[in-house]
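Both complexes shown next keep subunit A, but they swap its partner, so subunit B is in the first and subunit C is in the second.
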Partner chain A sequence: MGEMLEWLQFVLAPQVINGASIGVAVVLMALGLTIIFGLLDVINMAHGEFYAIGAYAAVALLGVGLPFWWALGLTPLLMAVVGYATERTLIQRVFHSKERHTLTLLLTFGLAIIMEDALKIVFGANPLRLEAPISGASEVFGLFFPNYRLFVMALGSGVIAAVWLVVFRTRLGAMVRAAAYDRHMAASLGVPVAVVYAGTFAFGVALAGLAGVLLAPIYSVFPTMGRDFVLIAFSVVIIGGLGSIKGAVIAGLLLTQVQSISSLYISPVWSDPLLFAIMVLVLMWRPQGLFGRLGHA
Partner chain B sequence: MREMTVEPMVLSPSVTGRLLRHPIRSLAWLFFGLALLFAVVAGIQGDVFFFRLATESLIFGGLALSVDLLLGRTGLLPLGQALFFGFGAYVSALVLKQGLPSFWLAMAVVLVSTTLVGLVAGMIAIRAKGVYFALISFGLAQVVSKVVFNTRELGASDGIIGVPVPQISFGFFTVDAASPGGFFLLVLCFSAALYAVLAYLMETPFGRQLAAVRANEHRVPFLGFDPWRYKLAAFVLAANVAGLSGAFYPMLRGFVSPELMFFQVSGNAVINVIVGGTGTLIGAFYGSAVLTVLRSVVGSFTAHHQIVIGVVFMVSVIFFPKGLIGHGVAALTRWQSRKEGA
Partner chain C sequence: MKTFIRTAIVAASAAPLLALAQAGPIRIGVVTPLSGTYAGIGQQVKWGLDLAVTQINAAGGIAGRKLELLYEDEEANPAVATQKAEKLFQVNKVDFLTGTVNSGSTLAVGQVAERNAKLIATTVSFSDAITAEKCSPNVFRVNARAGMQSAALAEWLAKEKPQANVFYLGPDYEMGRSTVAAFKSAAEAKGSKTVGEVYAPLDNKDYSPFFGQVRSAKPAVIYTSVAGNDTVRLFNQMAEFGLARNVQVVGASGTVTSQNLAAIGKAADGFVTGVGYAANIDSAENKKFVAEFVAANKAKPDLYGADSYGVLFFYKAAVEKARSTETDKVREAMRGLQWSTPQGVKTLRAGDHQAMQDMYAVRVKGGEFEIVGKVAAAQAIGPDTCTKF
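Moving on, here comes the complex of A and B:
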């Protein structure tokens, strides 16, 4: 019994908490992906690069002497502007085509290639390190955890809760849901659909940027940093159901737990195949993912 | 307005010119003719570098061809086709190195094994529809490439080096894969054969079924056909085409590496198809040739050629969704009808 408790406290608990701190960042990414898909039917292949740009924006803002907290606040705003511009200038060009799904996926894929190379040109291909703004560690369950990870968890959870509240409890959220359900009806009821679309895209991109800044001090910053991370986010969104907010949150937290707990037993090399196997099994059982799409109940 | 795929069969009845009865097929003849012309010129010059580059462009053209079979003809967007390309390359390298250095044996093993792997991967991926399929194929390739990258038995990140160069026997003559011109011609013949087989298949009832699946999958069952079976068949066929193309890679370069399965290779194949012309099949080879030239020209000025490729790709998605061949065919048709009208 005592052995069991020790195992829980010293082996399992650290993995759970570390997993959860990555988990909230994954959920932020997945939320962006799923909201953009739920409303616009767009698979944003550039989401990982927006995440990387967020991290680099923080590097650049810190480079001009701003404190980390300013970078944390400013980056999502900057990314929102970038996202808004992307939606208006690129996505809208092919939005009314019959093959919208494919064309927008291809466009954002092209954008990803360009952004990745642009990051390499501006910042170089070598990984950069970012100093964690909060040092030290706190005691949780008799174990010490880096304060910064605890902060990431707290802030991330706050943002996720705020997104939930805005989408499901405010007038703005109702407009977004209405536009996702039936854009023609929403437009005739006076919802400025074009602005809602661009705004939602901007919001999703801002969330990716925020995840980028938050994780920058934990991981190193390099141009292709978004690739593996976005793969996890995509798995999360597919399992949770493309376009589902609830699905992104639940699947995101669960999957990162699976990943971090399984790494106790299997080599981390196999954690991606494991996630993927889970994804395939879920799809066999429910091809549309666990939960329904935004605006569709 | 922005229809991506070219419908090769729809032609205005006034067009009766021989050239334009099959405008896409004429462009295919043109492609292989130009390639032969290139071989003659490069052969006279005693060139090595451009032969190698052109061979590589054909090999990646074959991969793009498999993408077009799925994207342009079946309506499935594969974002992980490099999985089968890399798989074919690895199998071919292993057969040549560990087994017998026999070209035909390597090709036969690749054909059989890609069929099996294609069946398994297809059963997983075909369950998913639309964007789900794209993401699943993306994930499948990503996971497998990572496993290969970490498997020491397969050389991990270094891949397999020192693959012997096979002598390719045709009974009464032999082609040395080390001879740049000879190997180019071999790959060219092979690419032409792959194209011809697929172009022929598209004219058969099987090809019509794929077109029906692409146009409206939900109506196919009402006609008494099972769309799932046709999609799986197309998927396996595409796996074969990609794998066989990949099988040439170690013969050309003497090594394979996990990079062959990475997303960049899959992505480039999709770019080749879109730039060349979706649904035209031959567009895959045109796209691969054009982008290979572009890459090596831009690459001689800067290491950042991806950004240029990205811009070309986006411009072609937005402004030229029918690709080189699609717009080429339209221009040819206009030119022809003007000539007939005059």
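Moving on, here comes the complex of A and C:
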């Protein structure tokens, strides 16, 4: 019995907490992606690059001497502007054609390639290290945990809760959901659909940028970071259900726990392939994912 | 008439100079990582080689010919190293090549050297295979290999922590795996128990997923063969997660060096490894070398800098003994050659082209390496398992 408790406390608990700290950042990425798909019906292949640009923006801001907290606050705002501009200038052009899915997929894919190479040219190919703003570790029930990861978990959970609150409990959220459910009806009821669309895209991009800043001190910043991370985010979104916020949150947290606990028994390099295998199974068994779409949430 | 005589004299005296110039400088190609995770190692290699070239040329060069170094970036990638080596041999016509860091690169470039009938020497690569089952008649190694480092470290560990539980964590490629394998067999032969073995990708950013298995295993000793920036991340994360408390961390000699020691900081204290070189080896030769190195580069030499410095003197001794730069003659001269290095006199074993030298166990304390043990060359070298020549 004593040994079991010891295992729970010293082996399992740290894995669960570590998984949660990564899971929160994965959920932030997946939330942005699922909101953009659920509302705009746009598969944003450039989402990973927005995550990377967020991280690089933080590096740049820290480079001119701003403290980390300023970078944390400013980057999502900057990314929102970038997102808004992208939606208005690029996505809107192909949005109204019959081939919307294919065209937006190709468009955002091309955009991703351009952005990744631009980052490599501007910042160089070598990984950049970002110092964690909170150093040191806390001892909680005999477990040592870095303070910064605890902070990421706390802030991330707060942002996720705020998003849920806005979408489901405010008038703004109601407008967004209405525009997702039936664009024409919502427009005829006075919802400024074009602005709502661009704003929602901007918001999704801002979430990706925030995830980028938060994870930069843990994972380092390098040009292909977006490409690596967006695959995980897409898997979470697919498993949770394209367009479902509840799905993104539950799937994100659950899957990172699966990865974390499985790495006790198999080599952690298999945790990403494990995730993709689960995604394949879900697509075969229940293609719409675990939960519904945003408009119908 | 006077002008004619003067011109004739000048022309006459120019002739022997022209004849000498036709022998030309000896070109040595250097394929080493100048960017990427192992850039710090490449930097030490460059410093060592540059210092040696300056000194050799100032003393008249090799057999009257100056040395010229041509650098190319291998990016710690065997595919890139092969291309660069091919270019150096065929376009730049180098006589000799050195500088490869990544063990995979050394093996690949060795094959390029065989095709071009030229010799190469590595001053960094640890993988035992290079002078064992994958040995090549055109490849030489002047640095200590993984087996020799393991012998020194295993000796120290058996004395300090007899029959301890050891957990292994290494980077997932040739050097990482073979270094772990070499130490594991040396340590197990002396009574330790293996409680886990896990490999992370090279350039891995977050080691926390690997700590779960470490915690399950509850080892008394953790052995790691990561290097460069990977070590910085691993050690800092181990400190953050409180993993290094009550555990003796040991590792390969390339894991903590003067290049990454500053970035690791306090998290490196207590780390012990087996090396072929430490900047504070107490000999006149070494003290002179360290002073010259620091004066030239404002940084202390590590094992990569010291061994890279030594390789040009090795080549010089071989060419002077062979009285030629022809591949076959130099190869013959190199076999069994003894030459002087900051670490003392090294002997190149003819059977497998591996250098023999005394080995040390060193511990990191407050940003410095202190020597805590020593093993003689004959004991450390291990058997000759090369069967290709």
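We take it that the second predicted complex is superposed on the first by the 296 of 297 C-alpha atoms of A that agree within 3 Å, B and C clash if a C-alpha of one lies under 4 Å from a C-alpha of the other, contacts with A are read in each partner's own complex, and residues count from 1 in each chain.
Please note the rule applied: a residue touches a chain if its C-beta (ideal position, glycine included) is under 8 Å from a C-beta of that chain, and two chains touch if they have at least 3 such contacts.
This one's a predicted model, so the numbers in the text were calculated from it and none came from an experiment.
After alignment on the shared subunit A, the placement of subunit B and subunit C results in a side-by-side fit free of clashes.
When the two structures are aligned on the shared chain, A:88 is found in touch with neither subunit B nor subunit C. When the shared chain is aligned, subunit B and subunit C each come close enough to touch A:269. Shared-chain residue A:14: touches subunit C; no touch with subunit B. Of the two partner chains, subunit B is the only one that A:105 touches; subunit C does not reach it. With both complexes placed on chain A, subunit A has more residues touched by B than by the other of subunit B and subunit C.
In the superposed model, A:280 lies in contact with subunit B only, and not with subunit C.
Of the two partner chains, neither subunit B nor subunit C is touched by A:246.
Using the contact criterion defined above for the overlaid structures, shared-chain residue A:114 touches subunit B, although it does not reach subunit C. For the superposed model, the angle subtended at the Cα centre of subunit A by subunit B and subunit C works out to 70 degrees in steps of 10.
Per the superposed model, the minimal spacing between any CA atom of subunit B and any CA atom of subunit C is 7 Å.
Counting contacts as defined above, subunit A residues 269 meet subunit B in one complex and subunit C in the other. Across the complex, subunit A is touched by residues 1-5, 71, 77, 124, 127-132, 134-136, 138-140, 142-143, 146-147, 150, 263, 267, 270-271, 274, 304, 306-307, 309-311, 313-314, 317-318, 321 of subunit B.
Of all residues in subunit A, only 37, 43, 90, 93-94, 97-99, 101-103, 105-107, 109-114, 116-118, 120-121, 227, 231, 234-235, 238, 242, 269-270, 272-273, 276, 279-280, 283-284, 287 touch subunit B in the complex they form.
By the touch criterion stated above, subunit A contacts subunit C in their complex at residues 7, 10-11, 14-15, 18, 125-127, 137, 139, 143-146, 218-220, 259-261, 263-264, 267-269, 271. Every residue of subunit C that touches subunit A in the complex is listed here, in rising order: 35-36, 39, 172, 198-201, 203, 205-206, 208-213, 215-216, 229, 233, 237, 240-243, 245.
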